[in-house]
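What follows is a single structure, written as structure tokens, with notes after it.
As written, the chains take the letters A, B, C, D and E, and residue 1 is the first residue of each chain.
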Amino acid sequence: MARLRAAVLGLLGLVGVAGLWEGYKAVGPEEGVLVGENRVLPRTTDLAMPHVWDMVQRLFEPVTSLGDAEPLWRVVLDASVVSLGIATVGWLVGTSVGLLLAVLMQRVRIAEWGLLPWIVLSQTVPLIAFAPVVRSWGSRIEIAGWEWPSWLSVAVIASYLAFFPVAVGALKGLQSPDRIHTELLRTYAASATDTLRKVRIPAAVPYLLPALRLGAASAVIGTVVAEVSTGYLDGVGRLLVSYAGQASGDPAKAWAPIFGAIGLGLVAAGFVALLGALMRNYRRGEAV
Amino acid sequence: ACSGGDDGGDGDLTEVKLQLQWLPQAQFAGYYAAVEQGFFEEEGLEVEIIPSGGDIVPQDALANGDVDYAIAWVPKVLGSIEQGANLTNIAQIFQRSGTLQVSWADSGIEEVSDFEGQRIGSWGFGNEWEIFAAMAAEGLDSTTVEIVTQDFNMNAFLQGDIDAAQAMTYNEYAQLLETPNPETGELYTPEDFNVIAYEDTEGAMLQDAIWADTDRLESDEEYEETTVAFLRAVIKGWAFARDNVEEAAQITLEAGSSWGPSHELWMANETNKLIWPAENGIGVMDPAAWDQTVAGALAAVNEQDQHLITEEPPASAYTTEYIEQAIDDLGDEVDTVGSDYQPIEVTLNEGGN
Amino acid sequence: MQDAVRIEGVSKTFVTRSGQVHALADVSLTVGEGEFVSLIGPSGCGKSTLMRLVADLEQPTAGTVEVFGKTARKARVDQDYGIAFQQAGLLPWRTVAANIALPLEIHGVGRRERRSRVAELAEMVGLSDFADHHPDQLSGGMQQRVAIARALAERPRLLLMDEPFGALDEMTRERMQSELARITAETGAAVVFVTHSIPEAVFLSDRVVVMSPRPGRITSVITTGIGRDTARDEALRESPAFFEKVTEVRAALHGAPVRSPALEGR
Amino acid sequence: MSPTTERAARVAAPVLVGVLGLAVWQLLVSVLGVSEYLLPSPSEIWAELGENSQAIREAAWITGGNALAGLVFGAVLGVVLAALAGWARWFDGMLAPVVASVAVVPIVALAPVLNSMYGADSEYGRRAIAALAAFVPVFVNTLRGLRQTTPLHRDLMSTYAASGWQTFRALTLPSAAPYVLTGIRVATSLAVISALVAEYFGGPRGGLGSFISTSAATSAYARAWAYVAAAILLGLGAYLVTVLLERLVQHRLPTGNPR
Amino acid sequence: MQDAVRIEGVSKTFVTRSGQVHALADVSLTVGEGEFVSLIGPSGCGKSTLMRLVADLEQPTAGTVEVFGKTARKARVDQDYGIAFQQAGLLPWRTVAANIALPLEIHGVGRRERRSRVAELAEMVGLSDFADHHPDQLSGGMQQRVAIARALAERPRLLLMDEPFGALDEMTRERMQSELARITAETGAAVVFVTHSIPEAVFLSDRVVVMSPRPGRITSVITTGIGRDTARDEALRESPAFFEKVTEVRAALHGAPVRSPALEGR
């Protein structure tokens, strides 16, 4: 019942956005709304704002006029699946690194003080500044015939964004148990590992889940940016660039990979939500 | 990452990595054709073509040793060489600059000197130096215009955000001609635009060239041999693309270009125009063009008062040794000059499709 | 027979940002085997600190603490005591049974044995039917009973309890007191019991230790004279002897009846 | 650890890590001879910072201005929409998928369309991107903040027969304030990085992002990293300002449970 | 003379997801002007609900509630009562003085008048020196005193208090009881006081109303016979008469002494 309501409202919301888009396009001036020199609202030309139905219709037309061309949605879907795979690897790597850092910082206070500010600072370094370095170093790794594939560079760059919320959230979570619980374990003469396993990690779950969700969104964003940045061919990132290049003559096409990227992010967030549902025993304190 | 095993005659192929400067498209038709037609294999090479995206600088991938050869524009590499990269131009494939500055027919921007006070589009990424060099030759300094970074399409120009947009003959110019004019509903035609070709200006600079690692050329005989073999196959590839434009366009489409077929064919055709005819033979450097490029690079100053280069590049910056060797080796087998080359006529469809 | 707890000349000073706090000064106290001793006194007099010293959760600044003749540390590692706090402190993601089993799990007690011991304990605190519930499905009193079962899991000969019923309403509290009395009588464990409630202290204890703050010290020790064999029931609460002892502890605590609304510190 | 040594360690530890990191980096380059071409040394970057300080300042000013404009706009939008969502459940339900989508859309995806919508000759496309990036955390946190009033406090206001507006002013707004600020703190970093990255994808040149890419494209890596360093400083500065703001307000409005 | 509260035949049923809860069934009660009435009973018997009906925070399902002869709603709008809960419920971002001033502020009392009234109230609850402190700088007892001052701000002739001392430790609690007795004697306000503590109810009240749950109803009303003029002090607590009334309320509450560890519901 509540779920149906949410679905209906959500759908209404999306319809509302489409309505706003078309409504503004219908009444707004071609050159956008200007206040003095400032363009506060965008242009309404078909080039700048294609009709919603054009965007949707374009999805079902073939990508190009080549005889065997697949429909656009199919191409975007395939590319999105590839990107999702890479993002998943990036998310897993980032999550592992984040968790390890969090455990380290929780166990050694000096490590927390020394590392945390740098972890925060690390996120102000624009990805694109080191994407080439990662690809370059990766391309030189070759272990016993196994060559570093280019998608792995993308995943590594994505993990750089994904690790951050996990490290911070997990640290907060690991530090969250009530003193009464940690002291209880102390009275049991429990080892640090036992305390971690029985108290700290379970207690961290409510903090971890939003962090994992943020991490998943970051991994997707990182994957797309890194694909563009390193010129990876098979993901949505590449389609974004290519189709943006064709946007002058085919404006609606450029929106397809944008929808793909958003869908990707929503799938990732949905996956984490599923994870959360599986762990609901550990979230009993949370207000629903 | 380089040569795998000795290139013994028993079919053991030498692995070679070639770094492009952009995604797969007909701009690189010759290389893809060489792969597809088996020219590299005939030369005992197994070539992996590595496309690049926004932030991969091909000459750096080469300088770092990630790849064996790279395609890059001369002025950008001159900058890298001054920064310490040790690279040599082994084949100047494009003989001409393919860069245009496009404005509306009624804009009054007809030559570089008209840039003053205008919003001039450029992609950045080192593609702007030709503009500054041409302006320098007209006595304009870079602060007299407003440089606007163009993104991947021509919308900024079409919507009037830019007075004169940078365009490659083989790509962005075609994008304009694939766009319907909202007033007529028909596609734009060349008559709608003023076109300034940098090739006709003092600022003209050399573009797509094949670069190799200088130190390896000097010290590694095997690499030298590979280089010549590689160039032989490349020549065959470009000759194929010249003689079979439509097939070449098809090859790049299959190699992963995402352009529409008419756009791809246009690009293959225009790329051919930048290569052929090649008076001294394909890829052989014209010293005058080199000197002009160097002079332009020395003269260009960007709006932050930074120079691309401040001194002449070293003598090792280019050599014709290997390409001439390759042309010799091929002899009559291939037409390496293309003196009677004739481009085809390409009709662009809406959106390039 | 060996004393459960032997505290001798113990002082405890905390160093804080704003200076030193003398939580305990020269405190000595012995708790015999099977004896029920309550600590009572105004807020901040060091009751919890004293109990935490016994539990080896703090180290004394001076003096010695012995538990069953060993150092407090050794006693903690040997699991010689069970402990319960004002908050039940159950792990919210574990069921009642899993919460009771926690100490057994940590000490590597096998699954089979764990299960039977947990069933036994749940029975003892009257929660057999709730073994699979989670703490948030229990009332405060039930939660506190789980905490007591957990504290008893390893059959400790000493129970440390810091205001275990402080968060309960009075009626539940009285019921819990009767149950605690029954359980400790059954197990024969010695108890150190911190409370703010005079009737509670009198009702449960063999001896009531009255403390005063700044610095924390013992000001008097009152033997209730209510033997272990006396039933802890309503009748006891309503008996004049009980009322008398309550009055005696009250007097010891207040010195003279307090009238002025003395301000408490933070 | 005594309180004084703790305070000292809290400052010393990150400084030590930073110095150590720089030293290892410099060592890699100048002693172990990792090619300077690939990895410029800190000292080189420092030198470039000095040489280009004027240009870098101007660029930082432009990027910072865009980030600030985006932040202000995104934050206002976030607060207003959160207020509406807090007021009407149905609106919240409608907004949910939209906000979820905005939260996961990569900037690269939006930059070309927004540039096209707002015009490549203006900074508005970038500001819109920064605004979108800032909007999400402000919205989410504000909404959470608006739901922080306890039933007890609401009952209390009800016993005073307080009007809706009075309740909002005396209760809802002050309890939400710390959350709004937390949202703004998170949004600040995002706005800066988004404004910067957006410069990679068209629009007027002049900001830090466009010069990072231009420098890198001609292998002037030391110069590129000088711009990156400026970007980091800009992000750090913006972050510190909001932290300070947060402290200030928290000091004036103690919430009883300071983080 | 007009009755402060007149509750007649009131029932209250909550409709919840899992069904109906009969919180109150046919409850009638009158509280005279200046009278101190305590409500006592096991958890869930409807004490809070009854009080919330008087405060117009809930509406009765049946029956009528009158406050000073008006409807509960009119009395609320007219600010005829002051209220305090178990949690002090201070606004953490306001100082003590600003918290006390809150109701005055909302009702548009001028700044000058507000200031003098707040000073007077802070004086009354002994917190003049803490007027500029924030709640988190106060102990629980002090916070509760601020809440009481706030409840008194508009000189209500009726005070509604729902376990106001429930969260305090016993010693602080006893001190607060004495203070409340003094303050209500000073102001002459009628009080409806919810508590779980029998001694507290007896100590403070003219009448103790005993309730029983499922559905909530009044089972007996005990007049303590401790007049308004009797000093509420230590001596009273230690008097046999007091002890007798405590026993009487206990008996009314338990029916017979309870032995079995009856399980409480959630």
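Quick note on the criterion: a residue touches a chain if its C-beta (ideal position, glycine included) is under 8 Å from a C-beta of that chain, and two chains touch if they have at least 3 such contacts.
What you are looking at is a predicted structure, and each value in this text was computed from that prediction instead of being measured.
A.B. asks: Applying the touch definition from the top, give me the chains sitting in contact with each of subunit B and subunit E.
C.D. replies: Expected: D.
A.B. asks: Give the chains in contact with both subunit A and subunit E, ordered by label.
C.D. replies: Joint contacts, listed by label: C, D.
A.B. asks: Pick the pair with more C-beta contacts: A-D or D-E?
C.D. replies: Looking at contacts between chains, A-D has the larger number.
A.B. asks: Which one of the chains is farthest from subunit C, going by Cα centres?
C.D. replies: Taking each chain's C-alpha mean as its centre, the farthest from subunit C is B.
A.B. asks: If you average the Cα atoms of subunit A and of subunit B to get two centres, how far apart are those centres in Å?
C.D. replies: 35
A.B. asks: I'd like the Å distance between the centres of subunit C and subunit D, where a centre is the mean of that chain's Cα atoms.
C.D. replies: Their C-alpha centroids are separated by 50 Å.
A.B. asks: Using mean CA coordinates as chain centres, what's the subunit B-subunit D distance in Å?
C.D. replies: Spacing between the chain centres: roughly 39 Å.
A.B. asks: Roughly how far is subunit B from subunit C, going centre to centre by Cα mean, in whole Å?
C.D. replies: Their C-alpha centroids are separated by 84 Å.
A.B. asks: What are the residues of subunit B that contact at least two other chains?
C.D. replies: 54-55, 57, 60, 64, 151-153, 155, 159
A.B. asks: Please output the residue numbers of subunit A that touch at least 2 other chains, ranges allowed.
C.D. replies: 43, 47-48, 128, 132, 136, 228, 237, 241, 244, 247, 254
A.B. asks: Give the residues of subunit E that touch two or more other chains, as numbers and ranges in rising order.
C.D. replies: none
A.B. asks: Considering the complex alone, what residue numbers of subunit A touch subunit C?
C.D. replies: 178, 180-181, 183-190, 194, 198-199, 202, 205, 281-282, 284-285
A.B. asks: Within their complex, state which residues of subunit B touch subunit D.
C.D. replies: Interface residues on subunit B, with respect to subunit D: 54-55, 57, 59-60, 63-64, 76, 79-80, 83-85, 119, 121-122, 124-126, 128, 146-153, 155-156, 159, 161-162, 302-306, 308.
A.B. asks: For subunit D, which residues are in contact with subunit A within the complex?
C.D. replies: Touching subunit A: residues 9-10, 13-14, 16-18, 21, 38-39, 90, 93-98, 100-101, 103-110, 112-114, 116-119, 122, 124, 189, 192-193, 196-197, 200, 209, 212-213, 216, 224-225, 228, 231-232, 234-236, 239 of subunit D.
A.B. asks: Which part of subunit E faces subunit D closely enough to touch in the complex?
C.D. replies: Against subunit D, subunit E makes touches at 55-57, 76-77, 79, 81, 83, 85, 87, 89, 91-93, 102-103, 105-107, 134-136.
A.B. asks: Would you mind writing out the residues of subunit C in touch with subunit E in their complex?
C.D. replies: Interface residues on the subunit C side: 42-43, 126, 129, 137-139, 141-142, 166, 169-172, 175, 178-179, 196-198, 233-235, 237-238, 243, 247, 250, 253-254, 257-259, 261-266.
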